[in-house]
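The next part holds the structures, each set out as structure tokens.
Consider the two complexes below, in which subunit A is the common component and subunit B and subunit C are the respective partners.
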Partner chain A sequence: MEIFINLIIIIIMPFLFIGMINRTKALWAGKRGVPLFQFLYDFIKLLKKGQVISNTTSFVFQMMSVIYLASVIFACSLIPMVNHRAFFSFPGDFILFAYILGLGKFFTVISAMDTGSSFEGMGANREATFSIFVEPVFFVIISSFALITRNITFISIFTSLDNHGWIIMLIKFLTAAAFFEMILVEGSRVPVDDPNTHLELTMIHEVMILDNSGPDLAFIQYGTGLKMTAFSILIANILIPKNINILYSILSITGILLVIAVMIGLTESLIARYKLSRVPQFLFFMSSLSLIIFSLILFFIKGISL
Partner chain B sequence: MNNLIFGTASILFGGIFIIFIKEKYKGIIQSLFTGIGMLFNIMIVISILIKGGSILTEILFPFPVGKITIVIDHLSSMFIAIISIGGFLTALYSIGYSKQYIENKKGTASFYFFLSTLIVSMILLVIVQNALAFLILWELMGLSSFFLVIFENEKKDVLKSGLYYLIAMHLGMAFILTAFVILSIKTGSYDFKAFSVLLKGSDAKINTFIFILFFIGFGTKAGFFPFHSWLPKAHPAAPSPISAIMSGIMIKTGIYGILRIILMSAVPSKGLSYFFIMVSVITGIYGILYAIAQKDIKMLLAYSSIENIGIIGLGMGIGMLGLSYGNRYIALLGFSGSLFHLLNHFVFKSLLFFNAGSVYIKTHTRDMSNMGGLIKKMPLSSALFLVGAIAIASLPPLNGFISEFIIYLGLINEIITGHIIAALVSITSITALSIIGILTLFCFSQVFSIVFLGAPRNPVDRINEAPLSMIIPMIILSIMLFAISLNSHFILIYLGKITALFTGEINAFQTNRIADILLNITIVFSAFIGIVLILFFIRFLLLSKKKISKNNTWACGYKSYNSKMQYTSSSFSNSILKMAAPFINYKVKKESNKSIFPKNIILNTHTEDIIENFIINPMITAINKILNLFSWIQNGNTQQYILYGIIFLVLILLYVVGVK
Partner chain C sequence: MKWLLSRNNKPIDINDIPVMDIEKLREQALSKCTNNKRVTGFFGIKEKACVKLYIVLADDENSNLLIASAIFKKEKSYQSFTKDNISFHIFEREFFENFGIMPIEHPWLKPVRYSFNRFNKSDKLEKYPFFQSDNKEIHEVGVGPVHAGIIEPGHFRFLCHGETILNMEIQLGYQHRGVEKLFLADNENINNKIYLAESIAGDTVIGHATAFVNAVEALKGIEIKKEAFLIRSIALEIERAAIHIGDLSALANDIAYLTANAAYQAIRTNLINTLLTICGSRFGRGLIRVGGSNFGITKELIHEIKQKLDKIQKDVELTSEEFFSSPSVLARLENTGIVKFEDAKTIGMVGPAARASGLSVDIRADHPSGIYTKFAFHKITLKTMDAFARAYIRYIEIIQSLRIIRDNLDELTQSAVMVKPYAPVKKNSLVVSMIEGWRGEIVHVAVTDNKKRMTHYKIKDPSFNNWTGLELAVKNNEISDFPLCNKSFNLSYCGFDL
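On to the complex of A and B.
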């Protein structure tokens, strides 16, 4: 029962999340901004529309939106909600989490290449290149946690991380920072990518879906929102203490998600998009965070024998 | 045992029989006999599976060979199954592939004959337990594959690559021979059992030395870094079905050899295991980086085989580490992951090589920058390639993911043992494995999209779908991909039995623990497929009765867009190769004239195998130089040769007189 409540929250959350980001940006710029649920209205509108399909494309292009969304939904079903186990939970579930997102990425890349457009090729290429930095970071961080907690499922890693040594607190904070950066990369936000300007040669994710329209576009945009939510829930799992009841856990997850959305909005308002050659440096920052986390664990956590 | 004799005899008989029949029917007859052989061989595999244990026979041969012990244990039976199935599918695929030879009036008898000897020699290789017989079969396998590689010997570069392959094989064999000679001198026997007794009794240094010798020998066959350089030469030169059987099966005999040696030796030392893990990790990353750089589709697949050998080796390394720490669970995870990946790699690599063959038959080129847009003309082949690409990129829900998952589990379990060195090595390996994973994703999204997707770069009007006899083996292989993925827990229980050979008795509890996890994954995969189907249904509902129009790709307002503006394989891979440039010797040469009216711009990207360029080639040049010093001896002058003879006779005379 609780599992279903959690799942429903995850599914509704992206609309609020994106709305919150946009509202923050608008307020910072001194505007009133679009309605909070504008993303939902757009979503519904797109679902009702027909489609224009490129002559060059094949069945790959039509499969992509579905597989992308399915992979993200599926990844969500593997994430625990603070003190409640995920829909699916088994040893090594985080490996599947990373790889199922990889499947979605694979399809976005080949579908962009399917259109035969050089712009979409460029986006596809960049998306695939940058993801090389993201996945290893995720694995290093989670394996480091496995090292401290001696556990290999998401839920047991997060629950046994619940102690208040200052090193653990520091590690939690650094991990949250690394995951926050991961949200910016995976959700294609500023300073890596800009979701609002189309038609710029510096675009990554947006340019890959130039030819998608109607329900396909709705699926993809919702998928991206969902992906950001998923990573935010990971952060929530790390930060929130585990010994609270379901009501509090739902409230605190929502709270943390909104805080993250506001932070993304602020980042987008304060930082300009990096030029492309600087993006790898930004990504290397994430890699070094993960290595710092690992070395902290290696040097300061007791009980690791030589 | 009788089944196996019938099986191999049938395959060999087919190979000889087809010499005497018409070109047209050769392929069909050979497939028939290989198919019958496969059924017999599978029967023996099943009987071992049901009865458990192993079959043991001794056969007495005339003088030089002597008594040969034949043992069919679980490890051998797994290889027999893979070789038989792979051999049959290759023969089946060759029916369609060899049509081009028949059209060009090129006889295919030697092709099928050597194919049958290759299959038979591999099957026998995995069951003999005698050094001499092993070496003879090893050589037979090498030679058969050599003749198959140079089948298109009217092309000069095919012959050159073939010779390179032949030399590499024999260099590798020299190491195996040395190791066997050392062992047989010490034991006075050729029998593996005697070797095993010796190795288990001797100290770690000798064990390590022998292991390293074997590793170099077998590693050359398998394609471990830095002995891999023959793979990217031999695979493109060989006909596609042969590339498939070589990459899918034959290089695995190298892995089999190493596994046999691990079985024969004492528990490996920790240092050796770490060394093995590190070599494998380097092999994996090296292979996939070079794969990304290739423009020739078969060369790319060859480098990707090197990468997969790296992953298989990583699994074996974890298994060895588990043995050396005395942790059976990790050993189980490592070895079973490695064997699982071996099985998987056989399936998807054969599929991809078959597919590359059909593309080659239709386009007459292996250069990816001349392809594109084939999905419209060859929809079935494209779909099958897509399946293979998803599997090889180890993405769920196909089988490639499962084997890597088990290897990941092994690494993670190693981390949580808490030994600091184990943790460091494992974290490095996990990072490397995830980088390999994402690079494979990059590589195969590139191949698939450059070859099959987008607008055609060359005219494709005359291209049509590959013939049925080529499609059917591919369909069988892709069904196998799904079947393995959705029945992984059964396969794991079988692999657990093989792993028991390494770790001693494994209690069923540990195998079941992994099988349970895999069962979970099966459920999860089914759920995923369910979600995909539901979403497709929703999409279908949303789009029914809606207007769907077709138009050109939106080129951001640019009117005269053409297919040459698409991304090519070199532009796609540029971003990665630029970052990895120091490791792979990546060079971009651009020639443009900056006059007012610009003319043609020539862009050339180029990568060279660093091992080949900086180690092997200088070595060959050095050897040539030294040997050139003696070239005056061979000057083609008959009188001088007679003089040599006389000098020799005089010297002998003096020696004899002197001694007397």
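On to the complex of A and C.
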């Protein structure tokens, strides 16, 4: 039962999450803003629409949205909720988590190339380049945790992270910071990418899906929202103490998700987008965080031997 | 032969303009251009079987205009001016497109706008000869003419190496409406052409309308009231400040800086709505007419506008302080899209874009007309030559414009603002009317024949000079910075296409 609740919560959460980001931005700009669940209405509207498929594309283009969404949902089914088991849970599940997301990304990239558009080619190029920086960060952090806790499943890593004193608190904080940046990169948010821009020459993620329409577009947009939610729930898992019951864990996860959404909204309001050539510097910040976490563990946690 | 000396808005007898041999004209024009004169007019008029080429050079130091002409009878070519002075390049291209008279050794003889009356009708928009490269490492990106945003149509062709732009070429002409010819059609009441003048470029209604009425009033010999001059200047400066604020908002949007985008947008609406309270149109349509102004400004309105201006100034200063000190904004703007001073001078840029590159050109100071002759106008230039300079100069000009509006409002009295505009135009005359629109130097030239009809109308929007500046600005920049560079110029497509 619990595992279904877990999955259902993850699946409905993106609508609230994206709505909260947009509401924060609107309020900051002094506007009333669109309804909180506008993303849901758009999603439903897009599902009802027909779609246009370019003559130059092949089956790859048509498969992409389904594979992308499926991969993200599958990845979400691997995420535990505080002390409640994920839908799937087995030793090494975090490796599957990273690479199933990678599979989805791979398909968005080749589908963008499939259209033969010069914009989408550039977008694919940028997306692939920036992804290179994300993957090692995730692995360095999660394997550092695996190293402390001597566990290799998500749930056991998270549950045994408690009760390790101030150094673990620091590590948790740094991890949350690194994952927050990962949300900005994976979700194509400011300052890495601008989800609202209409300028096809500057886009990264948006430009790759310029040719997608109707249900395809709905799937991709929802998939991206889901991905951001998934990383946010990872942050929540790291920060929330584990000895609470299911009701409290749902509430606390929702709370942390909303806080993260507001933070993303504020980031987008207060920071201009970085120059594209400077984005890797921003990504290196995330890499350095992961290395700091790793070295903290090596130097300060007793009884760790490689 | 000496060139005819004239001034802004001074009608001259067309027979007084010296007619030279083209070789001599070329030689003298080029030598004058090396001596701090710059070209503001270079256009042909068809006269029976031959074509008469007029050249107008601006002497900014002495507020003079130098005019001379040459006649092409059977000659189908001449030595191009451009090979010795690049600022002639776009003028010569336009001349060639319209009359088929070949400038020999012109380095970049490409179509300008495919005007309806072009010489070679087989030259079509889809056959534009783009600059290309055979190098396999270089990829081409074509943007437009249909764009994702609500902007005008124009095609940009990039040659890129990875993310770096090696070359960009701009192809325009999609908006050609034949405006210059429309000015001559149905010539009964020239005053009615104001509607056309207001529609040359939708964002420069006041600028083009003022240039037009100045030209017509000069041809008709109408002396208008000081109040009308004041109101025209108020409208011109409101337009300048409002569009500049809107540009800053758009710049903030392009770099995804939400705070300034929303704030500037709100301020811009506030300011442009003052034009609404004056004349009933946010863009000032219907305000400026030959003979003065359609609307006066009442005492209560003056008071109201002044209060509004105080608030706007406070808001602009607050937002700009935030915008121009935010590190992430500066990181995007600084060192992006540099147009060097020498380049700006060489290609003959005008307006705020030129001033941001350190070129001191401003018609309000160099060739003042109307109320600008009554006070000393301070020209602003910046030194950094990048997108930051082009954004920051807008901020300074907004503040400057707000001050001019306030000063003008103080001088405004409640007397009549209109005089009778029905005098006939002078015969055989030519008048050059220049005005500093928000984008830069607007030049209108009107020519009449011996039957007191207008026979030629020439328009030069500042975009005509500045598009080349954009081409230079994006060179060796990242392709993702192109929209930012483009917005920092914010040039007109329809003003260029006419």
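Following the convention adopted for this analysis, the second predicted complex is superposed on the first by the 302 of 306 C-alpha atoms of A that agree within 3 Å, B and C clash if a C-alpha of one lies under 4 Å from a C-alpha of the other, contacts with A are read in each partner's own complex, and residues count from 1 in each chain.
Note that a contact is a pair of C-beta atoms (placed from the backbone, for glycine too) under 8 Å apart; a residue touches a chain by one contact, two chains touch by 3 or more.
Everything numeric here is computed off the predicted structure, so don't read it as measured data.
A.B. asks: Determine, under the contact definition given at the top, whether A:R278 touches first (subunit B), second (subunit C), both, or neither.
C.D. replies: In the superposition, A:R278 touches subunit C alone.
A.B. asks: Between subunit B and subunit C, point out the one touching more subunit A residues.
C.D. replies: B
A.B. asks: Taking the superposition as given, does A:S288 touch the first partner, subunit B, the second, subunit C, both, or neither?
C.D. replies: In the superposed model, A:S288 contacts neither subunit B nor subunit C.
A.B. asks: Determine, under the contact definition given at the top, whether A:F119 touches first (subunit B), second (subunit C), both, or neither.
C.D. replies: both
A.B. asks: Of the two partner chains, subunit B (first) and subunit C (second), which one does A:P191 touch, if any: first, second, both, or neither?
C.D. replies: Only subunit C; A:P191 stays clear of subunit B.
A.B. asks: Can A:W28 be said to touch subunit B (first), subunit C (second), both, or neither?
C.D. replies: In the superposition, A:W28 contacts subunit C only.
A.B. asks: After superposition on the shared chain, which partner residues are touched by A:L270: those of subunit B (first), subunit C (second), both, or neither?
C.D. replies: The answer is second: A:L270 touches subunit C but not subunit B.
A.B. asks: So in the superposed three-chain picture, is A:T56 touching just subunit B, just subunit C, both, or none of them (first/second/both/neither)?
C.D. replies: In the superposition, A:T56 touches subunit B alone.
A.B. asks: Which partner chains sit in contact with A:A70 here, subunit B, subunit C, both or neither? Use first/second/both/neither.
C.D. replies: In the superposed model, A:A70 contacts subunit B only, not subunit C.
A.B. asks: Need the overlap of the two footprints on subunit A, from subunit B and from subunit C, as residue ranges.
C.D. replies: 118-119, 121-122, 199
A.B. asks: How about subunit B: which of its residues touch subunit A in the complex?
C.D. replies: 372-373, 375-376, 379, 382-383, 386, 390, 393-396, 401, 405, 408-409, 411-413, 415-416, 418-421, 423-424, 426-427, 430-431, 433-435, 437-439, 441-442, 444-446, 448-450, 453-455, 516-517, 520-521, 523-524, 527-528, 531-532, 535-536, 539, 542-543, 546-556, 561, 563, 565-567, 571-572, 575-576, 579
A.B. asks: Please give the residue numbers of subunit C that touch subunit A in the complex, ascending.
C.D. replies: Its residues touching subunit A are 139-143, 147-149, 163, 252, 254-259, 261-263, 266, 326, 328-329, 331-332, 336, 478-483.
A.B. asks: For subunit A, which residues are in contact with subunit B within the complex?
C.D. replies: Touch residues, subunit A against subunit B: 47-60, 65-67, 69-71, 73-74, 77, 88, 90-92, 95-96, 98-100, 102-103, 105-106, 109-110, 113-119, 121-122, 124-126, 128-129, 131-132, 135-136, 138-140, 143-144, 146-147, 150-152, 199, 210-211, 214-216, 219, 280, 294, 298, 303-306.
A.B. asks: In their complex, what parts of subunit A are in touch with subunit C?
C.D. replies: 25, 28-31, 118-119, 121-122, 190-191, 194, 196-202, 268-278
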